[in-house]
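Take a look at these structures.
In the two assemblies presented below, chain A is common to both, partnered first by chain B and then by chain C.
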Partner chain A sequence: MAEDITLIIDGVKLTVPEGTNVVDAARTVGIEIPVFCYHPRLRSVGMCRMCMVAVGIPRIDRDTGQCLLENNRPVISMFPRLQTACTTLVSPGMVVMTSTDEVKRAQRGILEFLLTSHPLDCPVCDKGGECPLQNLTMGWGPGTSRFEYHNKMHFEKPVPLGDLILLDRERCILCGRCVRFQDELADDPVLGFDLRGRDWHIISKSDPPFDSKFSGNTTDICPVGALTTTDFRFRSRVWELRSVPSLCIHCPVGCNVNLDMRHREVMRVMPRENLAVNDIWICDKGRFGQHFVESSERLTTPLMRRGDQLVQVSWEQAFETIAERFVAIQRKHGGTALAGIAGERLSNEDLYLFQRLFREVFGSNNLDHRIGTPGDLPDDDIGVMLGVGSGTSLVTLGKGTTVLVIGANPEEEAPVYLLHLHQMVKHGGELVVANVRPTKLDHSATLSLRYRPGTATQLVRGLLRVVLEEAGTKHLSQKTTGLAELRAALNHPMASVVSATGVSEDDIRAAAHTFLQAENAVIIYGAEAMAEGTALSQDLGSLALIAGKTGKANNGLLALLPWGNSRGVLDMGVRPDRGPGYAPLASAAKEREGAGGRKAAEGAVQRGLSAREMWNGVVEGRIRGMYLMGIDPASAYPATRTALEKVDFLVVQDMFLTPTAQMADVVLPAAAFAEREGTYTNAERRVQRVRPARPAPGDCRPDWAMVQGIAEAVLALLKGTDEEQGTAKEPRKKLKGKKREAPGGAETATESPGPSWGYLTASEVASEIAERVPGYQGIAYTRLANAASRGGWGRQPNESFYYGGTCYRNSEGVGIQYPAPAELSGAGFSLKPREVETTSASGGDTRYPFLVVTQRLLYDGDPFLRDSQLLAHVPAPYVAINPSDARSLGVQAGDRVRVASVAGVLELAARVSDEVPAGCVLIPSNLPGAPLSMVQTGLQTRVAVSKVGGRRE
Partner chain B sequence: MLREKYASEIDTLRSRFAHRRSAVLPMLYLAQDEYGSLGEEVVREVADVLDLPPTDIFEVVGFYTLFYDRPVGTWMIQVCDDAPCCYCGAEEVMAALKEQLGICENETTEDGMFTIQRVKCLAACGNAPAIQVNLAYLYDVTPEKIDGMLRDLRSRAERGETFRLSGRDADDYTLAPDGSLQRIERRLGKTPEPQPSAA
Partner chain C sequence: MVLNDTVSAPHLAYKMDEFFKHESCGKCTPCREGTYWLVKVLHRMVEEGDARAGDIETLHAIYQQMAGNCFCLLGESAVMPIKSALNLFPEEFEALVHEKDKRYG
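Then we have the complex of A and B:
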């Protein structure tokens, strides 16, 4: 532990930890020392000289080694010159003066000097109004300048640093914050200084220029208007903006953002501080990829099919029709003839009501959130059971922590985690990265393992073996079963693990050792790991359990699921085999009965159909009606078109008239995340809130409200027909329920099974979730609005020094991380290994010699990228091939190649890269116009590759 | 191309330093000697050889006037115009160069023979004014000797005796009264004493 040091700043005695610099120390007692180049997240460099202070230290008697005293007070000898406070570390008895005449003169001088070449074009500068240079000049600067105005340095006005960021060299004060951010935090050293003297300026020479997924952050920390985004440039004056707290829903990190609104328009997206999630950063997709909200192609009214056309209808007509058709199907074919799929970027409220509609109103478990491609990843349950303990914050990890990243590429799957992991290593943590191919995280890794495709499970079993050898089961504190089976599965020589995985025994032992010995350890696994099936995640769980790395903060598993609410989808039970809170279907049904629901129909207890089974079900006539919410299978998995055409009645609820929506019988227009209330659950099980920033276009409604509209229309119809017919038909008996009050206390209009509908707000739905979904107890909107009471590093009155004015402190809520079952006593876990479903690269069908390694890209065919400048970063569909394979295939980079499997064919542009293991091809999963689903045959797909137009001579 | 042509030299360079970054300066000298100047493509090649971010190499090339980021004449004459040289007549030297060559700073004569440039301190203040000719140092330059110096340089070029553009083996010279270049021994850490002229 760092020792505490007591010093005096401007006559105020204070105590701070050793290693604190004078700027930060002063800040803790509310004394402002102005800075430009210093940023608390970056290394101090003392470049701008703005933070000059007078510093003195006690004079020491050389004979006694004691402080010299005069009148019982230590004699202070002042340094002969002013010191930069940001590079001066506190020392015992130090005396600092921040506002002497000498200091003031220096500050005035620095500002006068900085302004000699500044164009003073504030009226047309995007930073104007939130500019530290403006603020510090007003607070500390001289009113006039002795320099000649016409002698200012002139450069060509903004030059592009990349296609997203512009540099105005005249405004730049050369503090180097952007350069240091890219070097130290983003680990993309793409910015630098060119030339020197008055010609000094920032350059980016990467290819493409400013090649970083975090480039937008440099504009936040730029203390002047030198760096601006093409996205926000000239769009608005900052004082016209109204910040609405929100979230980015693009990936499982769940970064906190502010939507800066002018009237109804989202003018820009800015990071909002959350020390447990994104610190003060966001990635470029979160910043520049939210334009879909304002797309002119948004749906605005419900549409209904009349012949070949979709025509506008009223909400009443839409709901009535849906109810009539669904009830008709339910009556004729049973509730299990209905099926629903919901997307993973919908809020918990939407998803919860969606599954309620199916389970309670229709009596069907035919629910899924996946599209039903052969490559659909299995649902991740271990990742929540043994999930990272509550209180986990990747931002604060450092010495004593080991993070094992396996089968994941955080740069593409959860970009902001890359910043955190890079910092963790800088703070002394250990980072073990195991992948089939190099990723950017390898730069930060303290140990990189390269395993052969399809052998991650064997690698993890190798780790397990070492951990058991070293520590036995002494760390195993949870109640577990299946240890014997696990030991049996590990019972083959280490040499076989080495020969299968291609990882040396030393590396396996070293990785296992650092994992076991660490005080805290987290396992992060991503899409490539999950593609190896549940055997891998089960073994990862066993590894964490046996090493004793579960059930506490900064320990456990962290699954990088694909989207912003992928965890919420599973929590809410939008899946065929589990109810909300991962409850088995029977107990979920019982719970509903206990809550006053009707007796569960047979269909409500039986496992439902998965998305994949649904499509077959439609073709076979078992599924007659479908309800798709926020998902577009026709684009992502074209093979579903047959089923979508065949299904008797199709309801699609979306923001856009997607290819799937175009096939629908009724289309319901959904409000975007920025137009509604809702909660989302991130990868760490942190539940966070979005709030409405703008009115939804036209008649759009939040998804949950539309689900409720359907539910109420169905129930009203059932009630009406029951009364008319008065006969005891089977459906009627089932539907007899007690009249109940909604949790919010609202009296409901319909007699309904289970808790009534009639929610007035999303908050009421959330209250019910808190009441009925295990894990979500107590997560109410009011609690979600609690902000952290303290900033992690103290704050200064004028925050713009630290944020450049453009990242926001969080006063609107940091969310709540609900505890993982591993943290609760009494939970039991199985260590029993599951059967490995994967095949390795070698062997197999000679007609299909290559194994597909699926790659997730941040900038891919994601429909949410529409209208964003990031579309220019989406690569054309490609397949990457190992150079030796390319040679034997006669393929060169840029050639068109056919990638064929048993299931289908894709034509792609070839890339040749030695990052791809021989015998494998790397294909991004979702590039526009080339969904990988077209060739997938399962979690692992084998393909043949040939050059289009025959072999080269 | 560097990689193939200078494979062993590059290997030696890379193995000499603990960090690849330390090999940037010698690699740039090597490249500049090979190509005559360090254009964009050359800098990227050096970055590639050393496996460093290209931006970092551009920073170095931009910072040092030792590295020419655009094509230059057979002789690159760099005049120090920092304070001590200025006091001792650097401006006059510059004026003489401009007049005799008929070009301005940062320009190259039409015959491609000379480029002139102002640079900052060359760390030879003891023998100001100092200039650098293709990275070789010329001490105690006076305007009167410029004519003879240019003549000497021209004749050296005709004989094919130009200096290399690699600062690693640059020599030191003074100018004889007639302006011809006279090589002197470089004394590490010391400002060389002018040697008595042979004339």
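Then we have the complex of A and C:
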């Protein structure tokens, strides 16, 4: 641990940890030292010379080694020159003076120098109003300049650094923050300096220029208006903006953002500080990829099919039709003839009500959140069970921490985690990266393991062996079972692990050691790991448990699921086999009965159909009605079109008239995340809130309200017909205008199935979730709001704000992370390994010699990227082939190749890359047009590859 | 460096600081901006014969703002020629200001 050091700044005695610099130390007692090049997240370089202060240290008696004293006070010898506070580390007894005449003169001089080459075009500068140079000039600078205006440097303005970021070289004060951010945090060293002296300027060194997924952050930390985004440049003055706290829903990190609004328009998206989630950064997808909200293609009214056309109808008509058709199907074929799929970027409230509708009203567990492709990943339960403990903050990790990243590419799957991992390594943490292919993370990894495709489970079992040998099992809880089975599964020589995985025994032992010895350890696994089946995640769980790295902060598993609320989807039980809170179906049904629901129908306790089974079910006539909420299978898995055409009645609820919606019988227009209330759960189980920033276009409603509209219409219809049959006790009218009761209230089973509907706000749904979903106890909006506004945990250090970046301070709450079951006493865990389902690259079917490896891309075929400049970064569909394979196939980069599997044939442009292992081809899973789904046969697909024609295109 | 009394001190300072301006890497503000500014003023005084009343004061201010504040010794060295010239041969600078058309060289 760092020792505490006491020093005196401007006569104030303070104590700070060793290693603190004088700028940060002064800030702890409210003394401001102006800075430009210094940034708390970056290395100090002392370039701008703005933070000059007078520094002295106690004079030491050479004979005794003691401080010299005079009148009982230490004699201070001042340094002959002023020192830059950002590069001066505190030392015991140091005396710092920040406002002597000499210091003031130096600081005023530096500001005058900076302004000599600054164009002072503040009236047309986007930074004007939130500009550190403006602010520091007001605070420390001279009122007038002696420099002759016509002598200023003039450059062409602006020049593009990349297609998203523009550089105005006149305004640049050459602090180098952007260069250091790219080098140190993003580890994309794409920026640099060119020429020297007054001609010194920033350039992009990469091709394509500014090739980084974090480029937008440089505009935030730029202390002047030199770097601007093409997205926001000249769009608004910053003081006209109204900031609405929100979230980015693109990936499982759940970055906190502010939507900067002018009237109804989202002018820009800015990071909002949250030390537990995104620190002060967001990726470019989060910053530039939110334009879908304002797309002119948004749906605005409910649509209903009349013949070949979809025509506008009223909400009443839409809900009544849906209710009539669903009830008719339910009567004729049973509730299990209805099925629903909900997207993973919807809020918990939407998802909770969606599963309530199916389970309680229709009596069906045919629920899923996946598309139903053969490559659908199995649901990740262990990631919750043994998830990272509450209080985990990847941002603060450093020495003593080991992070094992396996089968994941955080840059594409959860970009901001990449920054955190780089930071962690910089602070002395250990990073073990195990992947099939090289990824960006290898560069900063302390140990990189390259295993053969399909052998991750064997690799982890190798690690388990070492950990089991060294850690023993005495510390395991009584409730841990399956140890014997695990030992049996590990009972083969290490040499076989080495020969199967291709990873040396030394590396396996070293990785296991680092993991075991660490004070804190986190395992991050992504899509490629999950594609190896549940055997791998089971073993990762066992690894964490046996090594004792679960159930506490900064320890446990972290699954990189695909979307912004992928965790919430599982938590809410939108899946065929588990209810809300991962409860088994029977106990979930019992819980509903206990809460006043009617006796569960048979369909409600039987496992429902998964998305894959649903599509087959439609073709076989078992599924007659479908409700798709916020998901577009026709685009993501074109093979579903047959089923979508065949299904008797299809309701699609979306923001856009997607290809799926075009096939629907009724289309309901949904409000975007920026137009509504809701909570989202991120990869670390942190529940966070979005707020309405703009009115929804036309008649759009939040998804939960539409689910409720359908539920109420169905219930009214059921009630009405029951009444006709003389079974109902209450008149139908009462249900329609029914007094809303407390969620989970005391309505009796005869009156209504389950707790009442009739929620007026999303927060009422959230309160019910807090009451009924295990894990979510106490997570209600009131608590979120209260805790934030009262200070407490809602307070953030706001260092970035202080230092003049434009990341927003977080006054709106940082979310609540609910505890993982492993943290609670009494949780048991089975170590019993599961059967490995994967095949390895070698061997197998000679007709299909290549194994498909896949990855998720950040800039993908995602319809949410519409109207975004990022579309230019979305690659055309491609297949990447190893150079040696390409040679033997006679394929060159750019050639068209045919990829064939048992399931289908596909033609794609070839890329040749040595990052793809020999014997494998790489096809990203989420490219536009979803090519991969056409050949996929399962989690692992084998294909044949041949060149199309002899000509190169 | 040995020079005889025919060499103009302002011209010498101008030439030497032009060297430092050319060599300045640009990393720290006082050296980058200070040498640039010094040379701008000296060039106008020495080469263009357009010295003005406030120029001497400005030159004093510029080197004082540089002295002790630079990152490395290059910037500090750039202070020496102009500081010595201004302090040891003030009359030559005064002359530039008062006899605008007088060219040295």
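In this text, the second predicted complex is superposed on the first by the 901 of 953 C-alpha atoms of A that agree within 3 Å, B and C clash if a C-alpha of one lies under 4 Å from a C-alpha of the other, contacts with A are read in each partner's own complex, and residues count from 1 in each chain.
In this section, a contact is a pair of C-beta atoms (placed from the backbone, for glycine too) under 8 Å apart; a residue touches a chain by one contact, two chains touch by 3 or more.
What you are looking at is a predicted structure, and each value in this text was computed from that prediction instead of being measured.
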Pick one for A:A930: touches chain B only (first), chain C only (second), both, or neither.
-> neither
Could you say whether A:P189 touches chain B, chain C, both of them, or neither, answering first, second, both or neither?
-> first
Which of the two partners, first being chain B and second being chain C, lies in contact with A:V22: first, second, both, or neither?
-> neither
Return first, second, both or neither, reflecting whether A:F147 touches chain B, chain C, both chains, or no partner chain.
-> second
Counting only touches as set out at the top, which of chain B and chain C does A:A106 meet: first, second, both, neither?
-> second
Of the two partner chains, chain B (first) and chain C (second), which one does A:A910 touch, if any: first, second, both, or neither?
-> neither
Of the two partner chains, chain B (first) and chain C (second), which one does A:M304 touch, if any: first, second, both, or neither?
-> neither
Chain A residues touched by each partner, larger count belonging to chain B or chain C = C
So, A:K205: does it touch chain B (first), chain C (second), both, or neither?
-> first
Both partners, chain B and chain C, contact chain A at residues 193, 195-197
In the complex, go through chain A and note every residue touching chain B.
-> 189-197, 203-207
Residue set of chain A touching chain C in the complex reads 46-50, 52, 81-82, 105-106, 109-110, 112-114, 116-117, 146-148, 151, 173-174, 193, 195-200
Residue ranges of chain C touching chain A (in the complex, touch as defined) = 21-30, 32-37, 40, 54, 58, 61, 64-66, 68-71
What part of chain B is in contact with chain A in the complex they form?
-> 43-44, 53-59, 62-63, 120
